[in-house]
Amino acid sequence: MSRKVIITVAPTGSIPTRKDNPALPITAEEVALETRRSYEAGASVVHLHARNPVTGEPTSDIKVYRDYLAAVRSACPIITQITTGGGATTLGLSPEERVRPVLELLPDSASLNSGSMNFGRKLFSNTPDVMELYARRMKEINVMPEFEIYDLSMLQNVDYWIRQGGILDPPYQFSFVLGVMGGIPPSIKNLLALVESTPAGCTWQVIGIGRHQIPLGITGAMLGGNLRVGFEDNVFLSKGVLAKSNAELVEKAVRIIRELGMEAASVEEARDTLPLLNKR
Amino acid sequence: MSRKVIITVAPTGSIPTRKDNPALPITAEEVALETRRSYEAGASVVHLHARNPVTGEPTSDIKVYRDYLAAVRSACPIITQITTGGGATTLGLSPEERVRPVLELLPDSASLNSGSMNFGRKLFSNTPDVMELYARRMKEINVMPEFEIYDLSMLQNVDYWIRQGGILDPPYQFSFVLGVMGGIPPSIKNLLALVESTPAGCTWQVIGIGRHQIPLGITGAMLGGNLRVGFEDNVFLSKGVLAKSNAELVEKAVRIIRELGMEAASVEEARDTLPLLNKR
Amino acid sequence: MSRKVIITVAPTGSIPTRKDNPALPITAEEVALETRRSYEAGASVVHLHARNPVTGEPTSDIKVYRDYLAAVRSACPIITQITTGGGATTLGLSPEERVRPVLELLPDSASLNSGSMNFGRKLFSNTPDVMELYARRMKEINVMPEFEIYDLSMLQNVDYWIRQGGILDPPYQFSFVLGVMGGIPPSIKNLLALVESTPAGCTWQVIGIGRHQIPLGITGAMLGGNLRVGFEDNVFLSKGVLAKSNAELVEKAVRIIRELGMEAASVEEARDTLPLLNKR
Amino acid sequence: MSRKVIITVAPTGSIPTRKDNPALPITAEEVALETRRSYEAGASVVHLHARNPVTGEPTSDIKVYRDYLAAVRSACPIITQITTGGGATTLGLSPEERVRPVLELLPDSASLNSGSMNFGRKLFSNTPDVMELYARRMKEINVMPEFEIYDLSMLQNVDYWIRQGGILDPPYQFSFVLGVMGGIPPSIKNLLALVESTPAGCTWQVIGIGRHQIPLGITGAMLGGNLRVGFEDNVFLSKGVLAKSNAELVEKAVRIIRELGMEAASVEEARDTLPLLNKR
């Protein structure tokens, strides 16, 4: 049987604007439509950041998150994940503000950034206090943290503060983010170093930034992992060609995955594979 | 001819106390004596953090730095380096406060921490603003920055903000710090990853924390680099046995280096090798 | 401009039979037709082993090589390469017999196996005597050796016997063969180790055996190298599906390469890139 | 408790002569004396090649092996190992001749070379037939094979022909030989690649050739493995200084190991750790 690769779509993010790509979805309806198309193309997880539905600016308004999730859930049975990190550098949110939508809206999963770093020119602060707080809260409400890993040190942070700290046992779901200035540089060599430092039995995906999205994501799939695509990390379909939709990026990933003898995982297969805390 | 290994001694630091090791030097006289002994044992660079000469607490008092440097310079011709990082987590200093002793006292070199991270449970903030500020100032006064690297991302930070930013050209001097919780985990594999990501022509040393000081430092020497020893990073001579002095740690490093067919560099040899900005 | 990837097609080999894939070309006409189709699909180099045109058995008959090359050259302007290794394990040829077709027929290139090993259960002997002999002869007649590398040791063999031996200067063209039992195991990690051990300025391609042909070949392209496809190494288009022709494999490689933002090199571009000895 | 490092001494080998080092032991008495001194210095295993006691030439004379083993066993309780490889390139022995002393004399262990290669300019042939033959015979008589690994491919050879072939189950004892021309080049990077490719639960040692003996052996100890020293692989104590005895090399290894916080394993500890087949 072919290996099943879990594709996550991240259609909004907090950094790209409609100037970067006019197809960026902003309203709940747009987000739901993009998500459904991505789901139909092979995505089994959606990762969401909220946007002001009028201005398109990143927002922490819980009402927007509520509308997004309601619309997405009506549109398709995809696994839902929301950020706890995005507003930190763009909106200057406090740790409590960053996690509030998760606590109220109960997505299947939420990101948990696993250390402090420079994110471009900005400080992205995720001290052990914050990591522990988020992990405890998510565990209480059965929301799977996805540990966002921007460098080798962060894998150890998770092991030390979360596992040895007795907050949450493995297996964990990790995202390896390659290509943010301030994080590990994007290369197959560095991806391999991350994979080789990952505890056995955990699941992981590759988030390649910009032009690295597809090449590093596909390499991740060949190495036994999963990948994320979408406008949050990359708005181009190919060099100089804007993607017309997030679904186009999912389709592209699926085409290559199939050429390499693998298949996109269904939502059901992804639910079986990921260490979700709300499994039924 | 044998390869010459540059040994840096870091006798004080900001974390260990006399409870950790009663031989910790605190007064200018003690620091100078430890430095001279270390120099005689084979160290060619001293890295200094100031301590309140009465209480032993870390301090940013420029008078203390002045006294330390004066005493050290009287005691021996060792290459001098002071921190710009130590007070950030222990004293809550501002970036301006952290660099002031460098600007006034003109050591040969000063540390330049190359990214933000968790340092244990504390946030250690070193944004591009801070990195650029320090590099510019040091360049103006011919003080060599030693770029402190706590993970792979930080090597890229230096390349991007300092080199591509046009502030200071390579070759650079790097320190690879392995073993701080929040930084890259201490292993030969991770050290090799750092070394392989280092730009050609640069010099580098290994700072192994705690029991990793000697093994990783020696591995660094075998890989063509240099090493730092001293109480700042490790107070033990061997398991359960406190070092009686910083010089004892230098002596140990020198013994092993010689067994492996290398020699400790003299101050002159170190001056020739390091990319000092105040070379004569 | 997109990176150009040189695709070599190896349509015959010495191991697969028409039982393995009925589309295996055997006669000069079949070989030329397969080569032309592959060329049209994007291959710029052909690597040939001779087959008895009646029985399909591997042969060292120089007449067959002559017919193959004449037919191929009539069919398309592809770069030509013939083996000096194939008959060693299958036909028990002597070193002199293995190289004779090269000396007489003057292809653009010929393989030069760079060390001894087990090839499956058979001994594949390529001692320094043989390596030196082949390199000297090929240099005299301006035929580019392609150094076949089956493990890390073989890269050093080339450096030591050929370069330090003063026979032929770099840059060299290497093939990294991954997946033969007796050679380096097929993995991205091992491919990376080979790439990182390759002298600067040299060109290289990946020969992944069996189901590794496309995944490792594509990884090679992402790492800055080239790839070989064809029945010699793999007769399947995808799991359980036989390729209908060698060109189908070239087409598949080209599709994936394009998805990843690269293009197949033309023959002219390949001639410019490869360290051919008969460049005009 | 300190980690215990198993030190093997290889006092004779088949390549060095008394011209290379006049202290080379040749007679049974000399070999036993060197072995006892090495044992007293910290060696727990001896690896033997026979020499004509008059001329010093390598020999396959079983009488010499018998005398060596008897003398060594009288001299100290060290674990005994004899070669099955040495005569292949120097004496042109057949596979049957190479293994005969093992079958008759029942040492604790014997080397089993795990693939074919160039050994310098000579062909060193170890096809699957030979590997299987030796493994079967050694298993029958409870002699532990030590699988000699000269490159990454050979680790797979053992897995495929011996383990998957159903001849002998892991855990295995491996030797990683770095520095023979024709084998994997000697570097920490390459050693790490070997270690990372080793099946879990197996034991291994480093055989660094020439000036790599101590540095790579010590690196192996830091990586969790063991090391071999002795005239077979290296006759120098340090650059330009001949070792006065094999024991001097053992002493040097022990000194460094201790500086690094480890200890030499006793014979008893080595017996407990190694996957010997004649354990009592």
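By written order: A, B, C and D. Residues from 1 in each chain.
Please note the rule applied: contacts are C-beta pairs under 8 Å (C-beta built on N, C-alpha and C of every residue); 3 or more make two chains touch, one makes a residue touch a chain.
Bear in mind the structure is a predicted one, so any value in this text is a computation, not a measurement.
Engineer: Tell me which chain's centre, taken as the mean of its C-alpha atoms, is farthest from chain D.
Structural biologist: Of all the other chains, the one whose centre lies farthest from chain D is A.
Engineer: In whole angstrom, how far does the Cα centroid of chain A sit from the Cα centroid of chain D?
Structural biologist: Chain centres of chain A and chain D, defined by C-alpha means, are spaced 51 Å apart.
Engineer: Round to the nearest whole Å and give the separation of the Cα centres of chain A and chain C.
Structural biologist: That pair's centroid distance is 41 Å.
Engineer: From the C-alpha centre of chain A to that of chain B, how far is it in Å?
Structural biologist: 38
Engineer: What are the residue numbers in chain B that touch two or more other chains?
Structural biologist: Those would be 189, 196.
Engineer: Considering only which chains touch which, label the overall pattern as line, ring, star, complete or other.
Structural biologist: It is a ring, because the chains touch in a row that closes back on itself.
Engineer: Can you work out from the touch definition every pair of chains that touches here?
Structural biologist: Touching chain pairs, listed by label, are A-B, A-C, B-D, C-D.
Engineer: Under the definition above, what is the set of chain A residues touching chain B in their complex?
Structural biologist: For this pair, the touching residues of chain A are 115-118, 120-129, 150-153, 155-157, 160, 181-185, 189-190, 193, 196-197.
Engineer: Touching chain D in the complex: which residues of chain B?
Structural biologist: 2, 188-189, 192, 196, 211, 214-215, 218-219, 222-223, 238-239, 252, 255-256, 259-261
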